[in-house]
Amino acid sequence: MLYRENGQFKTSYQADQQIFPIAQDRYAMVAIVAAACLLVPWIASEYVFRALLIPFLILSLAALGLNILVGYCGQISLGTGGFMAVGAYSAYNLLVRIDGMPAVLAILLGGVFAMIFGVLFGIPSLRIKGLYLAVATLAAQFFCDWAFLRIKWLTNDSASGSVSVPELMVFGWNVDTPIDKYLFCLAFVIVFALMAKNLVRGHTGREWMAIRDMDVAAAVIGIRPVYAKLSAFAVSSFIVGVAGALWGFVHLGSWEPAAFNITRSFDLLFMVIIGGLGSIMGSFFGAAFIVILPIVLDNLPNWFGIPIDTALASHLTFMIFGALIVFFLIAEPHGLARLWSIGKEKLRLWPFPH
Amino acid sequence: MGPFLETLIGGLMTGMLYSLVALGFVLIYKASGVFNFAQGAMVLFAALAMARFAEWIPAWLHLEHKVLINLIAFLLAMGVMVALAWLVERLVLGKLVNQEGVALLMATLGITYFMDGFGQTVFGSDIYKIDVGLPKEPMFLFDDVFQGGILVNQEELSAALIAALLVALLAAFFQYTGTGRALRAVADDHQAAQSIGIPLGRIWVIVWSVAGFVALVAGIIWGSKLGVQFSLSQVALKALPVVILGGLTSVPGAIVGGLIIGVGEKLSEIYIGPFLGGGIEIWFAYALALLFLLVRPQGLFGEKIIDRV
Amino acid sequence: MTRRSIGEVILEVRNISLSFGGVKALTDISFDVREHEIRAIIGPNGAGKSSMLNCINGVYTPQKGSISFRGKTFDHMNSREVAEMGIARTFQNLALFKGMNVIDNIMSGRNLKMKTNIFQQAIRMGAAEREEQVHREAVERIIDFLEIQAWRKTPVARLPYGLQKRVDLGRALAMEPQVLLLDEPMAGMNLEEKQDMCRFVLDVNDEFGTTIVLIEHDMGVVMDISDRVVVLDYGKKIGDGTPDAVRSNPEVISAYLGTSH
Amino acid sequence: MAEPAVSASHSKPMGPSLTFPQWLLAHASKRPDAAAIREKQLGIWQTTSWSALSDLVLQLAAGLAARGLQRGDHLALIGDNRPRLYASMIAAQCLGAIPVPMYQDAVAAEMVYVFRDAAIRIAVVEDQEQTDKVLEIREHCPQLAAIIYDNERGLRNYQQSGVESLNALLQAGAAYEKAHPGKVRRSVDEGGFHDDCAMFYTSGTTGHPKGVVHTHASLILPSKTVSEQERLGPDDEVLAYLPMAWIGQNIFSYAQWLINGFTINMPESQDTVMIDMREVGPTYYFAPPRVLEALLTTVTIRMEDASPVKQKLFRYYMALAKRVGGRMLDGDPEVGLLERLQYQLGDLLIYGPLRNALGMSRIKLAFTAGEAIGPDLFAFYRSLGINLKQLYGSTETAVWVCVQADGHVRADTVGKPVPGVEVRIVNSGEILVRSPGLLREYYKNPQATAEVRDSEGWYRTGDAGYFDQEGQLRIIDRAKDVGQLANGALFAPKYIENKLKFFPYIKEAVAFGQGQSQVCCFINIDFEACGNWAERRNLPYAGYNDLAAKAEVYDLIQDCVQQVNADLVSDPKLADSQVSRFLILHKELDPDDDELTRTRKVRRGFIAQKYSVLVDAMFAGKDSQYVETQVKFEDGRSGMVSATLRIADAKRQPSLAKAA
């Protein structure tokens, strides 16, 4: 209905292959990013930053990473929390052990370590598929849980692996107010989202999807499963690692291994499923959903004046999550992102039916 | 020598319990191709139901007789599990027929969350006790063979025996009963099974009920050992490597795998743990399974997978 | 129209035997393929035709026998190498990448030709962007060749069967192969679609001089377009030669009378 | 480039008298980088700038010259709209040769005549298919020296002499240019405004097709006038999707293209026209009624499976549009503010999206012509805010005779004469035209030329019509079909029949009245439409002739007829030819029974004598008549059907003329 595409003809492949070929979409996206950068900092409250926006941004990043692995390359992973932990702790170690280590570099290197770790645990995926692989990644998760709890060296000999980072200095900019943190994360998210999008619409992305959709055919046209899968694991766990580092450094500030336990892994998997497998956009939807839902559930009764103890609320949250996962898997396996794109199609074809 | 044997036997006994849970996985996987992540949640749920019913029944029926109470509670809990199986088939699996494995796995993750939440909402989330009168006091074996003999926890022993019995039963059930064969048929090929008139839906209800039964028994045993609490649902995570090791589709695999893992993790904890800072059994099991996978992707007894083009 | 001239032997299969856990799929199959020719492998369903291709592709590894391509001999093939050597194929039961649209499916057939590294792609400026454009054009030429312009951005899953078959062919063509293995390209098509497909196959063979190995279980179609025919039955070779020779071969006739074709 | 429209005084519009090639060079020098042609090819709109085009054309011309194409020779163009075919057309004109565009779907046999008649020297064709066709007839065409193909697919191995690719021709052109530098450009300069520049074959209803010879002047002058009047300019976009052989295509996307220097866009293939139209969004558009009809049908069909809500919205706002849309387009001040606001809302919700879906968002001006267009169909597009107008013309007049002026658009008129064009109506009712756009002659056919054009240069269109009060021309019929009633009043059966056929319930109609005192007609109901209508009224019926005989159906049809009468009475000339009696035939008129031509035109004479009983009965004033007719069944057997048909009367409106 809002689309007017007459006259938007493409005279070059570059124009035809851009991320948003339809002008209206381009404008919308620019508007959203602009609002996020310029408008939000003015209107959002400290609580909103701490409880909503910052977690949302970081988890979107993690979900984005996971989505590359699960959604695009079809390799299921239940070890995401572990990869985040590796990112967080290695970034921490770099920061505290090497003095003068710039925070941003530490975070990125954290990603690199996560990447190495991820590739290591990705190797089984060359031999084993689907369900078996799920278990393999669980191994990664438990190994991390254990390692950061028991191996003192990894946590700079802090008790029970709980660590905390000194103030975050980025090129002389002390990232401490919620707004700073928000903008800091936003920067990461925008850059990584853009790069991820470029990857998935490039030939690496096509190789991933080929492996996901029909691995035998992929092999026959010369795609090396080894390379495709491991590159997916690498990119995915790099992003996840960076997200982990941000989660620790920016969101938590001080944390212990439990912050990255298996529940985190599942949450991220849920984000990806609900948000939309194989969709960058979906990662954001999923993250937003999972971040907001519990808060709503906590507050909803109060809004209606029905007092409800937090335990019950959390149990309810569990149930609703579970139900939603099943619902989405049945009703819309491609998640919110698909709903979104269907809605878009409807608008384009309006008044005709889809 | 003694300590080693003690650990070995201890391992074997825990292994038996792992096998029990693993069996749940295998049953469901064989019949519906679903990798049932919710097995652990089922254990917790069943245990919770059992424990709480056992508490409530005296209040309801003014009963004193312990065995009777436990029996009723057991039946009720079983009923709950059957109902659960039916719902799962109705609301979830029935709607996900012919989806690929990963999707189903995620679905069971959803079920897990739901059951954890639901169970704790209904039955509460504290720690509860189950007492079905398993003998507690330890006993000594082979004290004549060498001095000191071997300390064996009777409770674990009897648990292991129950488990073994159950495993044997199920194996037999699969091999010799019509239903069992039907189950296998379904597992091998859904379409074919349907075409020869095996009602998929009912089969799945049955198999999930059986799995529920297994979970209940496991829940009771673990529950009476450790007390019924949320962490029970983690038992499943321990049983996963067992399945991998044994092969997803093989009952004997589940048994052998369970024993291997049980023994393996106990021994490793004793003999390797100290050097690594302890607490390694959880990931050690996985590492074991993983290494094994690389050699034999389909597990000990699993069938080989061939992609047809 | 003058047909291209048939050249030397380019691909040769020697004494291939393949079995799955005791089940014999192929027993001691040998045949050769000459450059620029259209070589048909026919046989009833389950005669082992697809298994034969899978051996050439390195999807299956035969227990016995060897395959040689342009003089190089292998006792088992590696899919990647096969692709690099310039052997492409299509699949009997569609093996398209369902999550992608037509362009991307065909584009993926050019992965071997795309050289930019992952970082260049992530930034997607200069080289990566140019590369995408160059190959997009190549893909568009194939789309044009197969006359599927109207569907270029449709997800393949939404295409009717006949068109999906074309996309499958397109993906193979995108590799600019020297040898093209077609696994029942006309299976399940109506007459008109079959004729189109025949035209495309002939055009490919003629325009690009591509050697074609064509599997069919239905004699009719293949006979008039192929130069030489191998006949398989229950994993054994029961005939080899020109269409006419094969048609008159008693074994073949009996094999076909036995089946419902 | 658009100058203010010249006043409607019948004075020859002045303007530089450039030939087409000269126009091309002019644009190339004035706006070298502006887009001349866009073609959707390999997935994107490949653009050819004016300078690139002129280079291509000159090189092609050189190539053609190298292949011996001389001034006055004929060159055939066969194929879909393709840039290099257009270029070839200009190239030929550069050399003073005469391009003869031909329908690509013509079969070889049909081509032979044209090739021989025009003594085609060179054929430039699109692809293998066309090449094969031309090769097929080659032996019959001794003069045919060369066949040049654009698309090389499947043609590499063609060894025949004189068959070569356009690329090869271009190389020859380059060589020729070296050998004779500037020769081509000189011949462009030598080209005269009044030289022949193109020839179009019109399939005469009888005998062989005739070659209509046009000069640069005749194609350019009227087109230029209209361009100025309608403010066409260099920024317009046109979709070139109709056959090159058709005069309209040559006016809208050739003559006016080169005059105004706008951009023509060529679809990727026949089955992507809709998609490509959506992408391009032309600003200047022509479509014959059948195309518009087809579009509307798709719209209705697609709306049928839309959600109820949407359907309600759609119906509501289309009703509104029907009321006010057209009037607003005509700048009618009566339309109330509230309705304007509602219309704006509708534009947001329905009209805008619909235009977008049809690819008509950017249309400033759209024409339709060729056949009578149904009022509803016409109203639909105008009510969406698309400025669709009618025009009148033919191959011989280089299209432009009459054009509707903005604000004076009717479904049943074709507007006022274009400035510079004189129109006269002789008392037989036939329309005569004198215009700078008239054909120079029928090729090698002086006698045919003489038949249609008299000594003073008046051209007989063969159409009958008259000017209404507004001074707009109304076409009523082919002149030869127009008759007179007993009282000498005009009787135009086809006109009446068309008006009747615009009703969905009426499939065919045959009007009688030549030399009679009144007009009577046969009606063929549309079984489907009437069937639905009956079902909606749950009116049971057993098959066609039962339905046809139903009293309710008779009332329905009678209603239609009377509406037509009301319509007819509004113009004095036809007031007398209102339908006074009608009957509904018990069988469908059928080509198999020779009642219709294969193109479904009624064969009035044949029907008149086959059903003479009925005709007589009607004029005799009977209320019913028994009739027996022979019919052919699908299997070729023939049998008799008989029925007693009711003859109904229709109310005639009192004629205003008489009232006055």
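Order as written gives the chain letters A, B, C and D; numbering starts at 1 within each chain.
As a working rule, a residue touches a chain if its C-beta (ideal position, glycine included) is under 8 Å from a C-beta of that chain, and two chains touch if they have at least 3 such contacts.
In this text, all values refer to a predicted model and were calculated from it rather than measured experimentally.
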Going by average Cα coordinates, which chain is farthest removed from subunit B? D
Chain pair with the greatest number of C-beta contact pairs: A-B
Distance-wise, how many Å sit between the C-alpha centres of subunit C and subunit D, to the nearest whole number? 48
Any idea how many Å lie between the Cα centroids of subunit A and subunit C? 40
Compute the distance, rounded to whole Å, between the mean C-alpha positions of subunit B and subunit D. 79
Note: subunit D residues in touch with at least two other chains are 43
For subunit C, what residues touch not just one other chain but two or more? 59, 91, 95, 136-137
Where subunit A touches two or more other chains at once, by residue number: 12-13, 16, 216-217
Applying the document's contact rule, which stretches of subunit D touch subunit A when the two form their complex? 38, 40, 43-47, 237, 265, 278-281, 302-303, 305-307, 310, 313-314, 348-350, 352-357, 359-362
Footprint of subunit A on subunit B - complex, ascending: 35, 91-92, 95-96, 99-103, 105-107, 109-118, 120-121, 125, 237, 240-241, 243-244, 248, 276-280, 282-283, 286-287, 289-290, 293-294, 297, 305, 307, 309
If you look only at subunit A, which of its residues touch subunit B in the complex? 74, 76, 124, 127-132, 134-136, 138-139, 142-143, 145-146, 149-152, 215-217, 262, 266, 269-270, 273, 311-312, 315-326, 329-330, 333
The answer for subunit A against subunit D in the complex is residues 1, 3-13, 15-16, 349-353
Quick check on the complex: what are the subunit C residues that touch subunit D? 1-2, 103, 136-137, 140-141, 143-145, 147, 149-150, 152, 203, 206-207
